[in-house]
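Lettered A, B, C and D in written order, each chain numbered from 1.
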Amino acid sequence: MSANPKIDPVAIPATMKAWVLGDPGELSLVDKPVPRPGAAEVLIRIDAVAICATDLEVIAGGTPALIEGDLPFNKNFTPGHEFMGTIVELGPNVDEYAVGDRVAVEIHAGCGRCERCREGMYTSCLNYGNNYPGHDKGHRANGYTTDGAFAQYAVNHVNTLVHVPEGMSDETATLIVTAGTAMYGLDVLGGLIAGQSIIVTGGGPIGLLAVAVAKALGASPVILSDLVETRLELGRKLGADHVINAAEESVHDIVMGLTDGVGLNYAFECSGAPNAINDVIKLVKRGGRVCLGAFAHDPVPIDVRHIVSNNIYLYGIRGEGKSAVRRAAALMAQSRFDASLIHTHTFPLSELPEGLRYAREKLDGAIKIVIKTQEI
Amino acid sequence: MSANPKIDPVAIPATMKAWVLGDPGELSLVDKPVPRPGAAEVLIRIDAVAICATDLEVIAGGTPALIEGDLPFNKNFTPGHEFMGTIVELGPNVDEYAVGDRVAVEIHAGCGRCERCREGMYTSCLNYGNNYPGHDKGHRANGYTTDGAFAQYAVNHVNTLVHVPEGMSDETATLIVTAGTAMYGLDVLGGLIAGQSIIVTGGGPIGLLAVAVAKALGASPVILSDLVETRLELGRKLGADHVINAAEESVHDIVMGLTDGVGLNYAFECSGAPNAINDVIKLVKRGGRVCLGAFAHDPVPIDVRHIVSNNIYLYGIRGEGKSAVRRAAALMAQSRFDASLIHTHTFPLSELPEGLRYAREKLDGAIKIVIKTQEI
Amino acid sequence: MSANPKIDPVAIPATMKAWVLGDPGELSLVDKPVPRPGAAEVLIRIDAVAICATDLEVIAGGTPALIEGDLPFNKNFTPGHEFMGTIVELGPNVDEYAVGDRVAVEIHAGCGRCERCREGMYTSCLNYGNNYPGHDKGHRANGYTTDGAFAQYAVNHVNTLVHVPEGMSDETATLIVTAGTAMYGLDVLGGLIAGQSIIVTGGGPIGLLAVAVAKALGASPVILSDLVETRLELGRKLGADHVINAAEESVHDIVMGLTDGVGLNYAFECSGAPNAINDVIKLVKRGGRVCLGAFAHDPVPIDVRHIVSNNIYLYGIRGEGKSAVRRAAALMAQSRFDASLIHTHTFPLSELPEGLRYAREKLDGAIKIVIKTQEI
Amino acid sequence: MSANPKIDPVAIPATMKAWVLGDPGELSLVDKPVPRPGAAEVLIRIDAVAICATDLEVIAGGTPALIEGDLPFNKNFTPGHEFMGTIVELGPNVDEYAVGDRVAVEIHAGCGRCERCREGMYTSCLNYGNNYPGHDKGHRANGYTTDGAFAQYAVNHVNTLVHVPEGMSDETATLIVTAGTAMYGLDVLGGLIAGQSIIVTGGGPIGLLAVAVAKALGASPVILSDLVETRLELGRKLGADHVINAAEESVHDIVMGLTDGVGLNYAFECSGAPNAINDVIKLVKRGGRVCLGAFAHDPVPIDVRHIVSNNIYLYGIRGEGKSAVRRAAALMAQSRFDASLIHTHTFPLSELPEGLRYAREKLDGAIKIVIKTQEI
């Protein structure tokens, strides 16, 4: 871990620049009070935040789990959740971290008191979104239900923090949480995947880092499919043994050719393409497992008969969990893969809308766009 | 366990009566040689065999997993797989059982040499159906890919056998394997389900026994939904705390009412209704688990977004596995539930077609129909 | 669940009677302020508390885990941890329970922020005992490190609460946590133990309830060994299929006789006898599992060669965990066994020392002694 | 995988050179018939076999598990079990491998029909050693209970085979099974150990490869303790982040210093030192896990109180299992570590006794001694 001794607590300003979401799609850059950390919390000076596809959703249409729960559009808060920064203040009784520590975050802080949190599944907290005055169960999903990181400061629960490995740039450190989501999907699929075959479908940030983490954990072969050649090329650099351009080749035929017609151990669906699930259930062998890390927006017809006849398990995951972000950071500290390859663009805080446009329209080969929040 | 000392090995006849499947839907009652047990096998005099919905499928349309694998219609063999009987001959080196033992069976004997069998998942054997001369990997799914029990004798691998509890009737003993499938689904969902809430959707034989096994294992509450009042009544007798007639009431509303709007821990889908999966994924709470033990024949649109957003896991199971049949038999030996309640009709071997008709058309409240194969 | 509408919050007194531990062995009955609940906490009017063997230890020699950690003798607090009572006040934002609810408790409230708590293993909280001013990480083990239940009121975290089943007596409800420890041991051993063989060695309260819970979950056979005939008799009433008086018979010989010389699936060691571990590792079959729920005070020579050669796993458990208390309460709500059988004596609060003497000297067949704390 | 097209099946000789064990310690080099493969078996021309510490035991004192089972000294067979070679003949229905394939082996072929084998735990086969005429359940532990590899040919079940990675030397390939045992221990401890801390105690072959595999899987930090500087040096080369010479430093103090006094996640005990277990249980944190991969020959006093108070789990393992050898081979195929570092000496078949002496007396820094069995 690396510490920055230059932080001066008295230098914490009273207000900060922050983007605030109004009605759907309406973001404003405002001055807001800098929040203060409570028990088990720290105040972080945000140094960098990456744009995630879900940010686009949250801004345009609302927080997915709140919509699911028929809750009103969540507004008047700051989105942004894939961030890193420097601890500038500790809440009471916090000694797990020190002022000056560089930290990355995971998104979910569970309530700590529901059935799921008691069993360690804080990502599935049953009090998701229950964090409003008078009904505050302690759940936090910064950037979704509580203030996030398109701003200069944020308060985080210690459970969500992980030390940034020594020598890692701010930009790359924003990708730790993305790698954590990839790690979590691989944990759910089996954990000990050395020597097991896997396909990752969809070479966006999570998919590409899933390739990297799977390779680091010894999976073999690691296959990536996507429609875009540059993403496949990145997949190869991050460890894919085989890449398949699904626009040009039959993924099914190639996978069957590679596996003597038997199929793979695992599939990690990261594309969200409409027919993706039907495709991937036919890429795994009998008794195979599929992690669903993305989804098409409309219901799609699924061949359940195939799932049942072949004893296939499907695991929906909503982001990271089970401290996977720490495991991912450990691999990155060991330089097992170069996450910086997927960082393509950088903007200052004031240009967030432009960054979002690059992300939405995938301009200029954009994969991961980082906002430097201390630069206005 | 109970033994029948009256068996006289020399009394094993050379031939037996057996139904043989020709082209789809064509069954003939013929005389066939009585088979002989090989290594790790026994010869069983079949005393009773129950009709399963899958028998209807196999007879009419072929063995599901073979169809999946694009193999030709499996013909010239004897269907029937939910049976019990008396051991009349032991193969070489068999001492786990004795002549005279009454045994029930599970269906799958894995090859013992593929990746799945090596990890104990013999139900997902990768050599399923690979048991033809010159390519015999040892897999057996009697009644599906190899000769089954609409006949008077059958050979079984010792792995598929379980002792019939003392004092249990032949008819009830045919239901041990069905209870084993129910047990397996509950194992896959969590195993230790005491105090956990569950809904079983569909009150056919597997669903009803799933209610019984779930209750025996301490699940609470156990809810059953179906469209037929008599099946719900049976569910209540087998341990359901709540039954819901889905033709008259909203399953979703009742479940939410029972759970303060949170949903259940588990759902075990046994109905195969077209929209069943979409319904059950909305009956479980965030982080809930769903076992798919049945399926609609055509692909159905599924709300994958809900699965992913809510961290839901889905487990397809093809019948029993992991020695669940033995666990089910143990519960039945302890009289934890009365499986005989779901046995409704009995026919002699020659009247199999009539029994199949009762099963297919659900005549006269038919749930489980048993064929007494020693009665012609 | 049952609620008691008679509670009048304004009737909460300012002070209460409570036993306080001074130097080792020195207990005084004093007047203390009634504590007030904080966030995620409730105030409980203690109605009954059972004496556990560990209470004797804590009073005479200190809190085990604090001693382990080389911390000073924990004094000036109230011991007692197996209790139940009625909620009389809710902390801020608590709505999981209501005033008037009758609740039993589990002992450990983890800090919620260490590695173990984040993974749901709150019983193994790495901040055990770290709950002193200026260093309060939130861990609570009432009766061990924080004020317990040999008093009239106690504050508890909502995570530690479980509803007392309707119609259950106060005395029996104190045993829910003991049954929870038994349930936890069986969870650790395998969870789905239906049809699996098990021996419980030692017929104290945990051992006897382990027999009861194992039987309720379908284990078969369930064997109990002890040296005292009356305890074996209770074991039989609670569900033991076989009981062995280890003073008169060879446990090993009988177990081997019952298992064709192969041994059992599981052993749950609850005796703490010096040679117990060596004995139980030879009662389980190859690949068998042993739960250590008690311990001799001095190190004992153990045949590690046997453990390694036979692929045996040993699981140390310190009390309940993983919400096992709720599962146990669910079984008790279903009347799966009669825990009241092990309750033998009752004393008012002022006679705690006499109750402790009965427990220590096992007077008059004492098994579980209950203190009615509202009776002075 | 690599195939050797030069194999000529007709060239399989009728007899071969093989060492045969007579009374304890008495090995003779004789001519024996070359065995023939049965169903699911292949005949392997042994190219290289490594000497394991257990070989010394088996030769001097008998097969451990047979002794455990009070069976007579196993004689008149060929010891040696860590081998590799080239397939020269296939049994009936074998198509998983081809003549000419270079393969390494795992040791245990389970019976496939006991409770343990049915659940995939073939290493703990309940029919261990039951492979004699008239009572052959199919279990094979070549070199322990059946003919092993201090010879020129051996028959193996297909389940025990793994392809030797392309380009790997015969000598290194003999270490695949050793790496498999290391992999298995890490699987048992947790599988997904990325970012988790671990100590390996004892730098023999299994310990050293445990360091290598743990590092490859991302564990951090990986610590090795031993008494011999050269072994520590090898540990460092294989990936240890810290090495501790237990003859000179306090392992406990160093581990606590590295972990802020909290202790490690895992310990893998590979030394067999008398007090090793007591030491390692105090190196892991509360809730930590310990794998026992070695053992002192005499029972040692163990502080069970510490195990129970700290929720520690201990896992005895007898060699590899759960196809761990294949996972290890996959890592070696990816060149994740250089197992050849631990190969120190090579002898021809006729000089086996000299090789055994080097292994027994650890002459000349001997770690892994390989016998080239085709060289007389």
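Assume a residue touches a chain if its C-beta (ideal position, glycine included) is under 8 Å from a C-beta of that chain, and two chains touch if they have at least 3 such contacts.
Predicted, not measured: the structure shown is a model, and the values here were computed from it.
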Set of chains adjacent to subunit A and to subunit C: B, D
Third chains touching both subunit D and subunit C: A, B
Contact-richer chain pair (by C-beta pairs counted) among B-C and A-B: A-B
Centroid spacing, where centroids are CA-atom means, of subunit A and subunit B in whole angstrom: 42
Of all residues in subunit A, the ones touching two or more other chains: 115, 121
Touching residues on subunit B, where the partner in the complex is subunit C: 183, 187, 190-192, 194-196, 216-218, 220, 326-331, 333-334, 336
Contacting residues of subunit B [partner subunit D, same complex]: 40, 93, 95-96, 112-113, 115, 118-122, 134-138, 157-159, 322-323
Footprint of subunit B on subunit A - complex, ascending: 64-65, 68, 115-116, 121, 123-126, 128, 262, 277-278, 285-287, 292-318, 321
